[in-house]
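Could you have a look at this structure, given as structure tokens, before my questions?
Each chain gets a letter, A, B, C and D, in the order it is written, and its residues are counted from 1.
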Amino acid sequence: MMSDDILHLGSRGFTNRLFTGTGKFAANTLIAPMLAASGSQMITVALRRIDASGRSENILHHIPPEITLLPNTSGARTAEEAVRIARIARAAGCGDYIKIEIITDMKYLMPDAIETLKATEILAGDGFVVLPYILPDLTLARRLESAGAAAVMPLGAPIGSNLGLETKALIAQLIETCRVPVIVDAGIGLPSQAAAAMEVGAAAVLVNTAIATAADPVAMGRAFDLAVRAGRSAWLAGPAGTSNTARASSPLTGFLE
Amino acid sequence: MMSDDILHLGSRGFTNRLFTGTGKFAANTLIAPMLAASGSQMITVALRRIDASGRSENILHHIPPEITLLPNTSGARTAEEAVRIARIARAAGCGDYIKIEIITDMKYLMPDAIETLKATEILAGDGFVVLPYILPDLTLARRLESAGAAAVMPLGAPIGSNLGLETKALIAQLIETCRVPVIVDAGIGLPSQAAAAMEVGAAAVLVNTAIATAADPVAMGRAFDLAVRAGRSAWLAGPAGTSNTARASSPLTGFLE
Amino acid sequence: MMSDDILHLGSRGFTNRLFTGTGKFAANTLIAPMLAASGSQMITVALRRIDASGRSENILHHIPPEITLLPNTSGARTAEEAVRIARIARAAGCGDYIKIEIITDMKYLMPDAIETLKATEILAGDGFVVLPYILPDLTLARRLESAGAAAVMPLGAPIGSNLGLETKALIAQLIETCRVPVIVDAGIGLPSQAAAAMEVGAAAVLVNTAIATAADPVAMGRAFDLAVRAGRSAWLAGPAGTSNTARASSPLTGFLE
Amino acid sequence: MMSDDILHLGSRGFTNRLFTGTGKFAANTLIAPMLAASGSQMITVALRRIDASGRSENILHHIPPEITLLPNTSGARTAEEAVRIARIARAAGCGDYIKIEIITDMKYLMPDAIETLKATEILAGDGFVVLPYILPDLTLARRLESAGAAAVMPLGAPIGSNLGLETKALIAQLIETCRVPVIVDAGIGLPSQAAAAMEVGAAAVLVNTAIATAADPVAMGRAFDLAVRAGRSAWLAGPAGTSNTARASSPLTGFLE
């Protein structure tokens, strides 16, 4: 239906706007069926979990080859560390996409704007497709655009919190103002919240914890796919406005008179 | 996928949990394609709009025969009037389903609890499948159950307002407590709101204005179908809980050490 | 300052719009200092706690004589029981004010609209100053007015929950439409929520649990008094509207050019 | 009552935690009575409005000498411009307090994190009492502390929007984590919102538009003072928690049995 509604990032086009993650599944064998059920075409993975040595389980064995990998720099505390992780990921064959996560606060896992900007400048210059994880900071987002980011990934709420779109008003500013796609990245806990992000114009959402820790992760992956498509369809279909009073749907007078 | 997840109302079972309405479409010719796109299996129609005489356009001509009609008593101000409308609808061949709407306030179109209870008692006794439109009033809902209602239809916000689930906390009480299905009936303005109603356990939602007055009503009908299925799937898949702090999705330490 | 801003109920005028309650204090000796600190001029008390026999502690000993008593019918499950409690309260010297609480649901303590209306009709006819506890149901509120209620007391959230103004949108309908004062009665958990109720035009608020179970109930009584006066003052001062974009408070250009 | 609850900023202590502003009043002659009514002890003023030359009206003539001036760098687009404005303000006798506002986005007036950090480093080194206006960005706030900021001033919503605490969840992170006072600075539109900011532990709030553009700015100043004290008192008094179900305030059984 929406086959020509394509999100372009780097050299690829995505017809599915639900990005997923590999963390927190009770068993890694759930990842492939979750990807199949959700239709997700891009999945983020921490480089730490990619073992090229073959000594421990490699998370990549659970990801079908047609899925685009989005390695992230989880664990980095500085631009320098993030850059190093990104380069190792590319050298390991994970491709050119990189999600920059630079975090020093261990309680709320809030991103570091200044180091993220530095890493974006460097990695974009290196030819990476750079997706930085940020607070929905409008001025920062514009600077990241100028630095060559392929998209910006503002958080809805703290990573893994499932609290939803706590920052919705700020995210809407980015969507309205940025030229690059705005992908909501953290905190989404329910399909309705993913739909709401798409309804205000997000280009995609990334959902990990809410899927991985559901009682049935495969079914929840399917639910998020439906919700993202619902929200995207609504955005395209042109929602009607709201009214502070009622507006009758049915004739209210005259029937019995 | 969810073919055995059936909502039973009266003698029929519904595999689609999006109920729709016939009001406010720019052209009645949009109704049939909207029904096809949304998969909706039940549609509400004001008796006023059914012209059995053949002198004016009959809305029923636009509704395929496999769709269950849910005539409503819009325009009624008392139980007596509602009962009279219901009986006329049945006599006109509209079937046994009846949505009771008894309204005296013309600004917010809030329902009248006392008259609604009276009408429910009478019409359930007459063999109707009675779906009363109400405030999410827990005590009233229990009384309606006892009076023979097949479901209760609490409002999310004023009819036609598109304001969403303003009464979510009260609706959740009904869902938790009632034995009959709880169908959210008014105010839903966006697919994400329909999904949210389903996620807290609503059995179905009825959406009219948000579909009929969208720029593209057919596409919006499709978006609501996706959202209702997303919310229902999430409810069945067992959502994870929330956390006030972050919970890392990816390993945060050790990579570069 | 607002000495001529008086709330009239029955034959009395109230310059303080914070009503309080006697339940849940760690010690009844906290009630008098809480009343002094908060300035509250009306306090609700369950008849069950008034022991005229002298055999057990009588809560009335802790309430200064200048405070207006608002006996409530807590424990009543029918109009008949509520009427009986009201008459006993009056006979016991508690005055003419009565708050009708008729509840059959023991989990959410939601009021029973139909029985509440019956009791209001009877007690208003008996000369009581009747304040019914209700859901914010517009049609019911209008019926209660016609039945002689002196005010209506819609709930913000379940009794004792401290969840705040979950029903704010419905309460606003009552305030806009009713001729009698609208007093928000349950669920208020923080002073900001009391202020918000007053800002949309509530005539008063009743707060019990949030004061009685605070770490320092006397200081919290004072905090609620300030908040109620803040909200009332704002309502009278004519708040400015909102804007979806920023509006500079300071000149943004020209200084350094 | 709270005379020993003092907010220390620089060398001064403040017993009133409502900071105000000079912008947007219909007449500057309203400023002095607003300050008297609100009890505010600190007021922000754009340097642009201070005319030391005597040729046009000088806003300072309307501010009593006991009020602490908080010059702001409104109009600055870079750290360098902000530093220059700050030094001019100090040279003009406006004292050592400076609120850093560095803004390049003209629609939402969102602050620039990177330039703000630079200006803070420089001005703190110069001996200013630096209060930077920021997004509630936890990592940035920690960096500003290290750079010598006397407080941080996160925004609740866009300047002048009156939309309230849209960023409440993020502000709470700063309050929990920062050692310096957290002063909520923009977007507060109603006293209840100011109270809510104080209830979560803000050290103070700055309110300009909501007071200046009220129908009665002097009365609204008084309302905000009450609300700030209400919220502060509640924070000190130890609010009770919330419950998802009701908790009876009055005995529910036994009276009539």
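One rule holds in what follows: a contact is a pair of C-beta atoms (placed from the backbone, for glycine too) under 8 Å apart; a residue touches a chain by one contact, two chains touch by 3 or more.
None of the values given here were measured: they were computed from a predicted structure.
Between subunit A and subunit C, the least number of touch steps comes to 2. Of all chains, the one whose Cα centroid sits at the greatest distance from that of subunit B is D. Subunit B and subunit C have centres, each the mean of its CA atoms, that are 34 Å apart. Look at where the CA atoms of subunit B average out and do the same for subunit D: the two points lie 46 Å apart. Between the CA-based centres of subunit C and subunit D the separation comes to 32 Å, rounded to the whole angstrom.
Contacts with at least two other chains are made by residues 107-108, 163 of subunit C.
If you draw each protein chain as a dot and join the dots that touch, you get one closed loop, with every dot joined to exactly two others.
Two chains count as a pair here when they touch; such pairs are A-B, A-D, B-C, C-D.
Only residues 104-105, 107-108, 110-114, 117, 135, 137-140, 142-143, 157, 163, 166-170, 173, 177 of subunit B touch subunit C when the two sit together in their complex. Against subunit B, in their complex, subunit A makes its touches with residues 1, 21, 23-24, 44-49, 72, 74-76, 81, 84-85, 101, 103, 106-109, 158-163, 189-193, 195-196, 199, 208-210, 212-217, 219-220, 222-227, 229-231, 233-234, 236-256.
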